[in-house]
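Two complexes follow with subunit A in common, the first pairing it with subunit B and the second with subunit C.
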Partner chain A sequence: MTAPAAPLTPVQAPGVPRMARLLRAREAGTLALVLLVFLLTTLKNHNFASSGSIQQLLVGASLVALLGVGETMVLVTRNVDLSVGSTLGLSAFVVGNLFRTEGIPVWSGFVIAIALGATVGAVNGLITTLVKVPSLVVTLAMLYIIRGLDSKLVNGNIVVPSQVPHAFIEVGYETVLGIPWLAIIVAVVVIAVGYVMRTFRPARELYAVGSNPDAAALAGIPSGRRVFVAFVTSGALAGLGGALFLALFAQVDNSAGLGYELNVVAAAVVGGVAIFGGSGTVVGAALGAMLLNTIQQGLVAVNSSSFWDEAIAGGLLLIAISIDRLLALRVARSLRSAEGAHREL
Partner chain B sequence: MSSDIAPPAAGAEPAAGAGMQGARPDRPAGPRIRQSLWQQAGRWEVGLVIVLIASLAFGSSESSTFDSQTTLFYGGINAGFISIMALPMMLIVVTAEIDLSVASTLGMAGALLGDLWHHGWGLWPALIAALAVGVVGGALNGFLVAKAGLPSIAVTIGTLTLYRGIAEILLGSQTIPGAGDRTFPAWFTKIGVVPVPGTHLSYTTVFFIVLAIICGVVLHATPLGRSLYAIGLQPEAARFAGIRVARIKFWLFVASGLICAFAGILLVAQNSSVSYNAGYGLELNVVAIALFGGVSIFGGRGTVLGVVLSAAIVATLQMAMTQMNIDPNVQEIVIGALLLISVVVPSLGKLARWPALRARRSRS
Partner chain C sequence: MVLHMEVRSVGAGNEASDGAAPAGPSSAAPDDAAPAPAALELRHAAKSFGAVKALIDGSVVLRGGEVHALLGENGAGKSTLVKILAGVHQPDSGEVLVNGAEVTLNGPAAARAAGIAVIYQEPMLFPDLTVSENIFMGRQPVRAGRRIDRGAMNRDANEIFAQLGVVLDPARPARGLSVADQQIVEIAKALSLNASVLIMDEPTAALSNVEVDRLFRVITALRGRGAAVMFISHRLEEVFSICQQVTIMRDGKFVMTAPAAELDVDTIIRSMIGRDLGEMYHKTGTVPGEVVLAVDQITRENVFYDVSFSVRRGEVVALAGLVGAGRTEVARAIFGIDRRSSGSVRLLGKALPNGDPTAAMAAGIAFVPEDRRQQGLVMDLGIDHNVALASLHRLSKGGLIFRSAERQLAVTWADRLQLKYGRMRDAVSTLSGGNQQKVVLGKWLSRSPSLLIIDEPTRGIDVGTKAEVHRIIDQLAAEGMAVLMISSELPEVLGVADRVLVIHEGRLAGEFARADATEDKIMRAATGQVAEAAA
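Up next, the complex of A and B:
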């Protein structure tokens, strides 16, 4: 049996109308859940649908969604990046500190943040691919090293709003046509990376590496190089996340981004990214972040005791991955029976 | 010195796990030089012993009060409960699963203990209830992983949030015992103040040692322990060999829940109080101790001795650096660097052979 030259993804499957394909996609389920939570919350509290509240929803999800994009790229290759939270924290402080001491121009804040994050990602990627050690261990170690470095740099000397240029902070709260800048930036990244991940060969190869490493190697895919690029992208986006964190909160101490790593992984998993690689999209991860954030803010809006938030979020996460598993089993069964029917013909 | 409890065959063949989830994509397929079992299994632990001696020497050379009894005592107090959680974690990682809910289970058990105490329960019934909630939490993890077949890393990120959330529901923002509460009985809270009679060891340290011995015997000297390695290396093959993979994984998670609840009780005793965020965010520290102890994240490799040594090194370094007034952030860097070195150095041999491998691959 020979493999087809270009594997057919569900998106490319012929003979299915475009609309039906969109509705059947895993992301549609997540989006429907987001809307459902939104509607249910709005029924109980009409203010939840106000433009201010919707802006809050978008802004609240944007950082985790942004980090989720990079995390998805790493996860589909069967790796994981646990250092994203620390990288975000380091980048946020370094940029804030440069504004304070050097008075660098606003645009360079973003450039430095991305470059710094990419450097961390390159270290992760180099160690993981060159020395061939598990990325979970490497990025766990980097989580501590970078957080330690960050705390050492901060050393009680936190960045406060008055030290950050006004134009930079505006990115955090200004809106265009009612949509926050922050959400626009993240949406552009999500759509751009989502398009690349769907369309271009090197990006498709990330899925190949993750779904069957041996087969990918035999097919001549330079796995190491692809995984390296995934880590650099994840780091760069975490760095950008740091700049956006600074713009959003205008204040940075050494706890910026603390514990984000597991939230980001959770968002990706809720959005349908397989933790063991090979499947999932960045749009799914971003919607996963939206879902978790909408649930969280929805709980606040319906005025249930805030003590319940975490438990409910955890329960929903478990339900999400269980449903995902059930769906996967059903798809596998229907694929098997379709194959059987095909053979009989 | 490590040979008596070092693992034989199964633990000594990491490359055989290549079929596992998350295995390295392109492990070089070149011929491997076979080493004796003792060499392969013992090497890492020997390295850890050297690091432990070095960190003890470092501590006592830099601080005159370092090797006093109080250091031993407080070292155990500070790192003991994390180290206790590293033991079941290690067993779970050997089977190529992971439990990220450990710190939240600790928090949930402590919170239940505090809540029941607040509502006038006796200490013993409350302790038993706290252990029971740990068992239930572990059983939920075990059910979702072993029976429902969900990936443990995703499941336990979910229960991490869920169990911490339950702790928050139970205690809210209050600290138990608060104003108007009974204080915990003295025999309970003295666990964090006095050493075990006749020694300089804290109770936490002694519990850790006892649990480590139990885990060591189970892992290295029973068929059950051997089967954990088999599960970690090749779950399919293990199943065909008649090992009840799902059942064993289920009970491992239950054991993890129970032991983490026990660690939670110890933490309440040490602090003489409890709030919902006890042990918050420590899950990755627990994983780090297990991995630094030479446990492979892909399963099938690791010894209890390694984890004990790793816990001792971390506790020693923390104490030494704290006594030298090195700020906690640098300590974090040191621990992270150690973890990184621990995975990179053993692989450097591979790196050195890389150009040759590459040349061979491009020829073929």
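Up next, the complex of A and C:
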């Protein structure tokens, strides 16, 4: 037939792996920032690098990282789940209370927590996809509804460590080869969901829905069903987070998980999840949680005035995100320049 | 957008295709002798939106191995026809046949399943996903455990690109691809779906010369594979270089189908227009007064070049031309929304600063945009608020705006423009298109401008209100306003304007006084069929 047309976009023989590297650089950049903060803090306070301190770093980031996994799934579809903190609090109290009053077996605590969270997520998902109320509004309302329900249930009757089975609490502080169980559970979830999000068609369709909803509809993607599943997963993981919260602190009042939703969204965004959908990975969100937590604990370790802690953490966060955005802009420009080269022909 | 003046090379498309088409001689008479049923046939389709009859009798027959042009003026019903074939609209009557069997295309998925792929002027991709994932979304190649096989997916994409004779990195994200490359991705998607019919809606409108040549090579390759291609374009030279069959539509109706080889530019243009202008237009004869707007050699790099003209008091000047020729862009540069690269604009003798709409408004220009929903109105606010919006400075007393003043202003203009409304505070979203346009007009006219720029004044407006808008424009001119009107509807241009300027690919291609302007002359100038007339 005809000779192949002259390439308009320059052939990128060496460019293909470079592109893959650039895309992964988002996660690599966050990891590098975590290590940088860790190193700088250690220079000031050598105890920061002790195994106990490192364990504390991992445990401290675990819950936000876990909730960040579900949040990422929701964010990539161009939605948001603000009810995760409340869901965690409710789940923690309900499970603790069942241990106290019903003496349920340890394993069932996890099952109930997950089921409870999934139910909340299902309600969020149904209202968002069927009634077409923006998820920001739905989950904000859910945040208050559940917080109110939680306060009513607790009603001063807080769960204390002596009422929680010892085997359950062990999950919160026991370690394997020096790594806390809690961190292992979260790492397994992060890696598993991360793999799923890269590898399976329905998961890729979550990205498609968030990247261009109209094109997703034309491609025949059942957007509603996909978004629903994202909300259910986010809720289920928040429920699991409640059980882990109970295991970690062994004490639950009606303030459990208060304000977590903002930490979770911040962690996801710091980790490179686009707030307007379409891109970002759960591994990135988990690393974002690590970064936030390391900054906070690092400030404590260098004895910064506690008055300034939050302000400095916020400032560092802004700097980190700005650097990240600048890098992303450079990537975008390099992608466009390939086009610019032949537009001038 | 990239524009050019020279006629495109015709060679590449035809030479290569002659030997490659396997489905027999493509120039054979399509009607009686054809042994195989048509790949896709639309018979007598009609479609109305409310009172507007967008398509009255749409018919077209697409055969494998043939590129079929669909031609017609703006508003002839081409887009509606395309959307019916794409499954986006369901026809009120008429039938669709695929390979001789009647089908119902009740959604984009059904059209896809029937082997029909539509490539829109602005492709619909997922910017965050890779090129290959865009092609195979929902159908990604999988290995054991239904896991996506990225290697195979990229290889498959490369294979399709090779068949099309293009080079594109399948692993890069779609974000940042040029429109031409995005179209290639869409075409690759269609091929991966084994589409037997490809419909391209003005694919070349946003492409450069080189990109058009490449697209034509791709279309030729598609033809060689036996695909039926429907090609919509306003550029007749492209039609002659790539198409074997031509179907012409006018006023929502099928006019004719003929082999391209048997047609010439004259016949096509006559078939596309060819109707009498009814007495829809009332024209008050006015003697133009002093020059209000003087545009001198304005250029916006890559958009339009060396445009000069003037508009006098009491005169209606129309900017005609095809969609995308740069008419709106000229108006935007005059008003200052876009910056001019060079040239000057003077209003009543005073130079207007470049890129400053506020100064243009203060100097006395009113700009009624084409897209009134997006740019002209605050849809959720009431009629009174919307009319007053551009006059808030004049209405305010000590920094406060009194509702009564707003209302009074709005009532005055509602009466003058014969606005049909329930209550003044009703949201303008509840009004019909024509009445919305009157609200926008009222908003700008209440500033008593000396120059009114109005872009597509009657788009999406029913026939009755259309005539009213035309009467308002005529009346304004009679009262001494200078009017610059952009319109894609030739009858409107001929009926309303005192003078017609035609823009072709960013340059003035003709100027006609009312007395000697005809649809034929304007269409020729707009499609670049005449040597550049003196501007």
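Here is the rule we go by: the second predicted complex is superposed on the first by the 316 of 345 C-alpha atoms of A that agree within 3 Å, B and C clash if a C-alpha of one lies under 4 Å from a C-alpha of the other, contacts with A are read in each partner's own complex, and residues count from 1 in each chain.
Keep in mind that, in the parts below, a residue touches a chain if its C-beta (ideal position, glycine included) is under 8 Å from a C-beta of that chain, and two chains touch if they have at least 3 such contacts.
In this text the structure is predicted, and so the values were computed from the model without any measurement.
Applying the stated contact rule after C-alpha superposition, one finds that A:Val300 touches neither subunit B nor subunit C.
The partner that reaches more residues of subunit A, of the two candidates subunit B and subunit C, is B. In the superposition on chain A, contact of A:Ala219 is made with subunit C only, not with subunit B. Judged by the touch definition given at the top, the superposed model places A:Thr199 against subunit C, while subunit B stays out of reach. Once the two complexes are overlaid on the shared chain, A:Ser279 sits against subunit C while remaining clear of subunit B.
Contacts of A:Leu136 after superposition on the shared chain: subunit B is touched, whereas subunit C is not. Looking at the shared chain after the overlay, A:Ile179 reaches neither subunit B nor subunit C. In the overlay built on the shared chain, the residue A:Ala122 is in contact with neither subunit B nor subunit C. For the contact definition in use here, the residues of subunit A common to its subunit B contact set and its subunit C contact set are 214, 216-217. Touching subunit B in their complex are the following residues of subunit A: 77-78, 82, 127, 130-134, 136-138, 140-152, 155, 209, 213-214, 216-217, 223-224, 227, 254, 258-259, 262, 265-266, 269, 275-277, 305, 307-315, 317-318, 321-322, 325. Every residue of subunit B that touches subunit A in the complex is listed here, in rising order: 21-27, 100, 144, 148-151, 153-155, 157-166, 168-169, 172, 281, 284, 287-288, 291, 296-298, 327-337, 339-340, 343-344, 347-348, 350-351, 354. Interface residues of subunit C facing subunit A in the complex, by the touch rule stated above, are 2, 16, 20, 108-109, 112, 124-129, 133, 137-138, 140, 142, 146-148, 162, 165-169, 171-173, 175-178, 180-181, 208, 210-211, 214, 217-218, 220-221, 224. Note for the complex: subunit A touches subunit C at residues 1-9, 11-12, 15-16, 19-20, 23, 198-201, 204-205, 207-208, 210-212, 214-221, 274, 278-279, 332, 335-336, 338-339, 342-343, 345.
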